[in-house]
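Each structure below is given as structure tokens.
After this come two complexes, each holding chain A, first together with chain B and then together with chain C.
Up next, the complex of A and B:
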């Protein structure tokens, strides 16, 4: 058991290193003269000397591998560099913006979970019944809807027409509701379809006939017999949805004027603020990898068949 | 309702038609029999002869997606299972009628502990509290020959051997203290040595609990070891029905004779020619006129291909015996 956990941890570490290479490469791969760009952003008169000085300062003339190691060393010491646009320390700026993003990811995951489980089970209670059909339509509608449009609709309905929920800024739990729904609705719809299909598959297994032979009805069998069997599938998909939700923060945070890491990321991309862009990319990658690692380990622990097959 | 005289299970002209989008088949065709309290009936026949559907369809225990149309009646203690509401049928399943399945590995839920899979049925049908149900489960596991029941209850199905799993399956079948136990080839998926133990166990439980058992099998060893009465099925119809002694020692129906001849024997001389049953069972997708066995039958007359034979009483039998073969019955007379 310990060996498996160790193996997973090592492969996650390797993935993180690869992600760091890609995050770093963004500067190297950036089109045009990076030194000139940085000099321009700093303002003032841009002469060849200034550009050369910038190149020297950012070690742009060093070999790529050496530059990577320098950068990695800085990152490991918690030094993510300085924003080109504002001159802020990137680590400090990110720490300040962490709270809204955490709220959004957790809240969005809760919405995903509630929607997925409720709609998935409601559909599986009576396959192809009217509720199942309705939920299918809602799910397809949701999945095909662009997130920003959904967010705009939520703002229009709850903020403009009904005026019951705040639509602007990160100001207490009430203001969390709409962004979390906007972020969680699409993965929730996807998750509901998956749960519905996985439950139907589980309900066609012989152990369901056994449960029936003991005199139990569909509801009991769904929850007691089918549910434990879909836990691995469910957890894996839910883990992927957390990644999906995190990624949505890029779109949803700016719409609701939340000053989170997603908004920071978008802003950095818009102003070509390379150190910020690099850092955000790295953080998101690490988050994805760690969430996936956690989900894999939880699935392994939750499934008695796997536990034994791997010699717990 | 007088259960001392009324047979717990009475099947009367029972017909099942399975519908698929492209064709309809009739795996059970006009079957009638009854099982008395404390009696063991073996239903024998080849694979595909309809013996499992005959017993599972009335309980609505066919695999998901099978669309079965049922006619006739299957009465449990006088009440027709085919006319029961879903909730009435749920009360009968696991309570009045217990079921043991063929493959104990797939029949048990792989991710639930054995204890819980047993206690839930006991709580449901015997109205016990969770603690009482756990104690009852431990008793049951001991009864079916599994030592150290408390630790067994904490295990998952894959942690047991095939024989142990089937003992759990049997414990599950009898957990609601049923009056009728339906066992669908309970020994087929097991090793030969284990098969004998399971037959012994079923015999022992039947004596202790006094329940009627319907055992579905194609193994004549199981029939002779366990059953009082035997019903031979061919192509969805009953070809012979009688006491085990009559049917096994002196089979009347040509199909039963052929079936018994096709059981390899160790007691005949080495160079004896092995007699199988020539031909194949009919395609059930077509309506069968006349006797279903006629195309393979050495006794067949022209009439056999036209008129469907009904079950006739066979004269000179030790007990009541019926065979669906007028040719043979006339020879006996």
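Up next, the complex of A and C:
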């Protein structure tokens, strides 16, 4: 068991190293004259001397490997560089913008979970009943629904027509509702389908026949026997949903004018703010790799079959 | 006409109708569109549904129907280009990695691992940021972000085929690697790649719309649904149709692509797979490939 955990941790560490190389290479792969661009973004008159000074400052003339090690050293010390556009320190800027993103990811996960579990079980109670059919249609529709369109419709219905919920800014729990729904609804629909399918599969197993022959009702069997058996599938998909939800923050944060890290990333892409771009990519990559690792380990702990199959 | 009936049978008429009507609109867009999609006519600004403008006009008096048609062209062209680029490069990398193995395999697969652990939209966003926002750069960035999926898929198929007896025999008979790869391995992989690509098209259409919505893809005045939607947001109170119409168009296209992909995958997998099982399969596809 310990060896598997160690193996997974090592491969996650390798992935993080690759992520750092990848994030670093983004500047190295930049087409054209990086020093000239940086000098231009800083404003003022751009002469050859200025460009040279910038190249010197950002160590653009050093060999690639040396630059990478230098950058890595800085990152390990928590120094992500300075934004080209605003001149603020990227680490502090990111720390300031952490709160909305955390609220969005957690809130979105709660919506996903509520929707997925409720719709999944409601459908499984009466397979192919009218509720099940309805939920299936909603799920298929939701999976194809663009997130920004959903967000725009939520703004229109609750903000413009009914005027009961704030649609602008990160101001207290009431303003969290719409963004969290916009983020959680699509993965929630997906999760409900998966729970529904996994439950149906679990319900065709022999232990269910045994339970039925003992005279237990469908509800009892669903919750007592089928539910524990879908936990691994559920955890895997829920882990993936965290990735979905975080990805949505890129789109949902700008719509609702939240100053989160997703919006920061988009802003950096819009203004070619290379240090910010690089730091955001690195941080998000590390987050995803760690979430994947955690989900894998938790699933292994939760699923005795998998533990045995991997030879622990 | 047998192939037509076969397609009809596999895909089913509602899906076929949906997808082919989008394809028709995109191909013959410039002929059927009533106005020039970029032509401004301020006297018709914010006009609602009317005989002149069937679906109304936007704040600059541009015809919404024409812009929706132009948006279909932009989106479908983008989807096809990205699938071709990412599919070709991914298949090349995957075939080389799967056939030759060794350090090449190791390097390609490590980068694929990274591509799999980070959602493609993040990678695409970073590349758009580096290249600068434009339609062409967005296509390029999406293609780069989508390569790992196809490389990994091809590599799996090729590695499995390469260890089979008929490939061994070819090698013994003295067939060159190029001949084995192009005559025997690529065709096997191509089938799988096409099936996956048909399921992927919907996701790509969404990605294109997402990036354009963020102002990082298609730039005005070129019409694209995501970009139309975002520029209509300030007028959502007085003219919600400007937001709703492009959203509905995009949703319909994605539904069409998703259904198409599902049906094709169903038909290609003879081992009876129910529609629901397939949904499950597709959702944990990434996990499966990793295993």
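Keep in mind that, in the parts below, the second predicted complex is superposed on the first by the 303 of 312 C-alpha atoms of A that agree within 3 Å, B and C clash if a C-alpha of one lies under 4 Å from a C-alpha of the other, contacts with A are read in each partner's own complex, and residues count from 1 in each chain.
The working rule: contacts are C-beta pairs under 8 Å (C-beta built on N, C-alpha and C of every residue); 3 or more make two chains touch, one makes a residue touch a chain.
Nothing here was measured: the structure is a model prediction, and the numbers come from that model.
Participant: Based on the superposed arrangement around chain A, label chain B with chain C as either clash or fit.
Facilitator: On the shared chain A, the partners fit.
Participant: With the two structures laid over each other on chain A, which partner does A:153 touch: chain B (first), chain C (second), both, or neither?
Facilitator: In the superposition, A:153 touches chain C alone.
Participant: Tell me which touches more residues of chain A here: chain C or chain B.
Facilitator: Of chain B and chain C, C contacts more residues of chain A.
Participant: Looking at the overlay, what does A:272 touch: chain B (first), chain C (second), both, or neither?
Facilitator: After superposition on chain A, A:272 lies in contact with chain C alone.
Participant: In the superposed arrangement, does A:194 touch chain B (first), chain C (second), both or neither?
Facilitator: In the superposed model, A:194 contacts chain C only, not chain B.
Participant: Where does A:28 make contact in the superposed view: on chain B (first), on chain C (second), on both, or on neither?
Facilitator: The answer is neither, since A:28 touches no partner chain.
Participant: Looking at A:228 after the superposition, I want to know if it touches chain B, chain C, both of them or none. Which is it: first, second, both, neither?
Facilitator: Touch status of A:228: first partner only.
Participant: What's the minimum Cα gap, in whole angstrom, linking chain B and chain C in the superposed view?
Facilitator: So the smallest C-alpha to C-alpha spacing between these two chains is 13 Å.
Participant: With the touch criterion stated at the top, can you tell me which chain A residues are shared between the chain B interface and the chain C interface?
Facilitator: Correct list for chain A: none, the interfaces share no residue.
Participant: Show which residues of chain C lie in contact with chain A when the two form their complex.
Facilitator: Answer in residue numbers: 110-111, 113-114, 117-119, 121-123, 125-133, 202, 206, 209-210, 213-216, 226, 229-230, 233, 236-237, 240, 243-244, 247, 250-251, 254-255, 258, 276-277, 279-280, 283-284, 286-287.
Participant: Quick check on the complex: what are the chain A residues that touch chain B?
Facilitator: 203-217, 224-225, 228-229, 231, 303-305, 308
Participant: In the complex of these two chains, what residues of chain B are touching chain A?
Facilitator: On the chain B side, the touching residues are 59-61, 63-65, 86-87, 90-95, 98-99, 101, 103, 106-112, 120-121, 124-125, 156, 158-159, 172-173, 175-176.
Participant: Taking the touch rule as given, give the residues of chain A at its contact with chain C in the complex, in rising order.
Facilitator: Listed in rising order, the residues are 11, 14-15, 18-19, 22-23, 26-27, 29-31, 140-141, 143-149, 152-153, 155-156, 160, 190, 193-194, 196-198, 200, 236-237, 240, 243-244, 246-247, 250-251, 254-255, 265-266, 268-270, 272-274, 277-278, 280-281, 284-285, 288-289, 292.
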